[in-house]
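To keep things simple, chains are lettered A, B and C as they appear, and every chain counts its residues starting from 1.
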Amino acid sequence: MTGLASMRPTLVGIAAAFATGLVIATPWFVAEGNMRLMIEIFAVFAFAQGWNFLAGYVGIMSFGQQLFIGLGAYFLFLASNWTGANPFLILPLSFVFSALFAAAISPFVFRLRDAYLAISIWVVAEIVRLFISQRDALGSVSGLPLVATREMERSLVATSSFYYAGALALISVFGLYYLSISRLGLALAAVRDNEGTASAIGINVWWTRFFGFVLGSGFTGAAGAVYYMSVFHVEPGGAFDPNWMVVMLFIVIIGGVGTVEGPIIGTAIYFLFRAWFAGTGNLYLMLLGSAAVLVMLISPRGIWGVVKSKSGVDLLGARHASGLEAAAKKSRTIS
Amino acid sequence: MSLLAVESLDVFYGDFQAVRGVSLKVEEGRTVAIIGANGAGKSTLLNAIVGLHAQKRGKVSFAGADVTFDRAHTIARAGMTLVPEGRRLFGTLSVEDNLKVGAAAGRNGPWTLDEVYRLFPRIGELRHMPAASLSGGQQQMVAIGRALMTNPRILLCDELSLGLAPKVISDIYRCFEEIATSGVSIVVIEQNVGQACAAAQYAYCMLEGKVSLEGPTADLSMEAITAAYFGLDHA
Amino acid sequence: MIWVETIVNGLLLGGLYALVGLGLGFAFGVMRIVNVAQGDFIVAAAFLGVFLLPWTPVHPLLVIVPVAVLAFGLGMLLQWLLINRVLGHDQIPQILLTFGLAIVLRNGMVELFGANTRSINVGDLRFMGFDFVGLKLGVLPALILAIALFLFATLHLWLRKSNMGRLIRATADDYRIVQLSGVDFRSIYAVAMGLAMALSAVAGILLAMRGSFTPYSGADRLLIAFEVVVIGGLGSFWGMFLGGMVLGVTQLVALKLDPASGLMYGHIVFILILIMAPNGLAGAFRR
């Protein structure tokens, strides 16, 4: 068993190489329409993993990650439209821009904690949404098209978007895995579990949280850019829609917060639900909400947390005993 | 039948076992001391008995009823309460409000606001002050008063002397005789062996979560206690 | 003069905003719980008001009484059946639970009542005005400020003087230790949540009388409540009142200058205060 455990990073590496090959080969045998759906799935999965990283690994809960989806998308659209540059080349800069924005707001939102921190990021998202909605130069409420893609060949656009989305999905799984076993990952886990102990063993709590927040938010920004690039249009009501949070929360909570594998299950369930209930409009959102409530009442660790504890299966071995698990234990023993 | 009977109680913090198979008895109207070094499991034991700590195994009976897994507020209403370690007053409330919270248990008995002020005249003078502004000794008196206001049949006291001056400690322990004569059984936890044994008729000594020695205080020699306290082999 | 009038109107609105924050702030002060569904409960209370209005005797304003009573019961149930089950050191489960509830509630209201804009009709009261040292002010906004002030003062006194108020304060100080006095903190939490919901419900009704609402208004209501509490300094009673005033004045002045801005400038002022006085305005004064 220990032999297998020590070989795990190598095995995960082989799996990563295989998955990468699969993503590279996909455009040759998947129709363009299906590829579009896959881009969406990958991007939404990346949104969810970005939030999962913050909540489950860094210990920062945010109700405002739609801020970075919108920022990443708007940066890409505006930069490309203004300079006429190829959006595929600008895309990595969306990560940088979103990360810088996260860095700029952390000094004051970090003064609040827990739910207050979560909502203050949402307030920032609202400010940006309202600001963009009133500026004609930024497309106001009706939004912006992505001009540069008009002259490009459709299949090239689809394939390029797909590769970006695929890269995001691969990073969401394997990047998160390797990050969680790295030095930074261990520091993050220490800070998340107990700030006092973490600082006692020489970890700078503030900078560790800051770095985690910047990294996770930048990633969400890049994913937002990919998502909206693939639909060629962005508007403030959609990009900064708080319902993005509903989707992220649903996927992560159902699957299991603080696990690499959980959100994969969560994403699958989310898209199945959507296919089945999309016609029902609000009922479908109510279903997502009640599922979140039920999971919190029955098993805050989510589906993957339960599967793992019942069967002992642990694919990646990178599950972080999340604060939720500790809370679940405590709520039973609390008196 | 003993008023309080604990039978082979194990108490856990997650995977760590802090109390190992402790049994003890307290008879009606008696004072019992539990002594032991820091970390011997004394506080954990009391918290488990009064229902503040739920991870446990074994049996706690109070007045003939099994209360092992009862919640703390039910146990307090039945007549067993604790003066917690470090006093834990409601700091933003006034002294009098702290005492009145104790009356919420809804038990009738000899202890009223006036009686508590008679026992501790000093805190009667400070009744309108915020509890957090009092000195350590005064806070300890309020904590005892608050527990008495529930009119307990048994009062568990966790390290009353912690951080207090010797003069204050002896003042507080002097009041214990009067509390005991009102018919209340008392369990005191102490690191201070002399103080505890003087107040109690029976003593248990704890070491690493277990009872290492017990007996009537009159029969326990200082050497035996020292050995049980520090875990020295009987040389 | 028009600016003075705007500012005075902002203060009147601010009293109501303070009341919007009071429920959230009170629940947080007692239980360290943030009910993310509070905004949507506020909207639900307004819908309840719309439906109870035809049966309300004497004056439409009195509809706040039955709605507050129902909200109190609902709050107790919410705490007993749901939130008490996920209490613990970690705040994430209860925050996510209430977030899920908010989604259910919001979309349930859209499903049941449609997305139309509504308001609670208080008849002539809405259009009545009076002259105050040369300023033209509305009777309803002034009445609402009076109600808000009355509720703040009553809650404050009740917490100081009553038996239950004392137990609530003691539980807020140390929920573990109150149990040693025979107090079940879960029951106290249920009462506190009931009160928080009743206060929020009153705020919701008054908002719906002054202005209008849709099933989607909950998010804005929650953000207002949240900003009031944080500006006020997390749990400071009269700090919250000040926080409401700041937001109310900001919003009305901003709407005069930039009619399409909505709540944006209120949000910006909130962020500015967070930068300059991280402990809220109350904290800034205490220092």
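Methods note: a residue touches a chain if its C-beta (ideal position, glycine included) is under 8 Å from a C-beta of that chain, and two chains touch if they have at least 3 such contacts.
Predicted, not measured: the structure shown is a model, and the values here were computed from it.
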item	value
Central subunit by CA centre of mass proxy	C
Chain whose mean Cα position lies farthest from subunit A	B
Chain centre separation (subunit B, subunit C; CA means) in Å	43
CA centroid of subunit A to CA centroid of subunit C, Å	32
Subunit A-subunit B separation of Cα centroids, rounded to whole Å	52
Multi-chain contact residues (two or more partners), subunit B	51-52, 71-72
Shared-contact residues (touching 2 or more other chains) in subunit C	176, 179
Junction residues of subunit A, two or more chains touched	334-335
Residue numbers on subunit C that touch subunit A, as the complex places them	34, 36, 82, 85-97, 99-108, 110-111, 176, 179, 219, 222-223, 226-227, 230, 234, 258, 260-264, 267-268, 270-271, 274-275, 278
Subunit C partner contacts - residues on subunit B that touch it in the complex	50-52, 71-73, 76-77, 81-82, 84, 88, 90-93, 97-98, 100-107, 146-147, 149-150
Residues of subunit A touching subunit C in the complex	55, 61, 63, 108-109, 111-112, 114-116, 118-120, 122-124, 126-127, 130-131, 134, 242, 246, 249, 253, 257, 281-283, 285-286, 288-293, 296-297, 300, 323-324, 326-328, 330-331, 334-335
Subunit C to subunit B touching residues, read off their complex	163, 166-167, 169-170, 172-174, 176-185
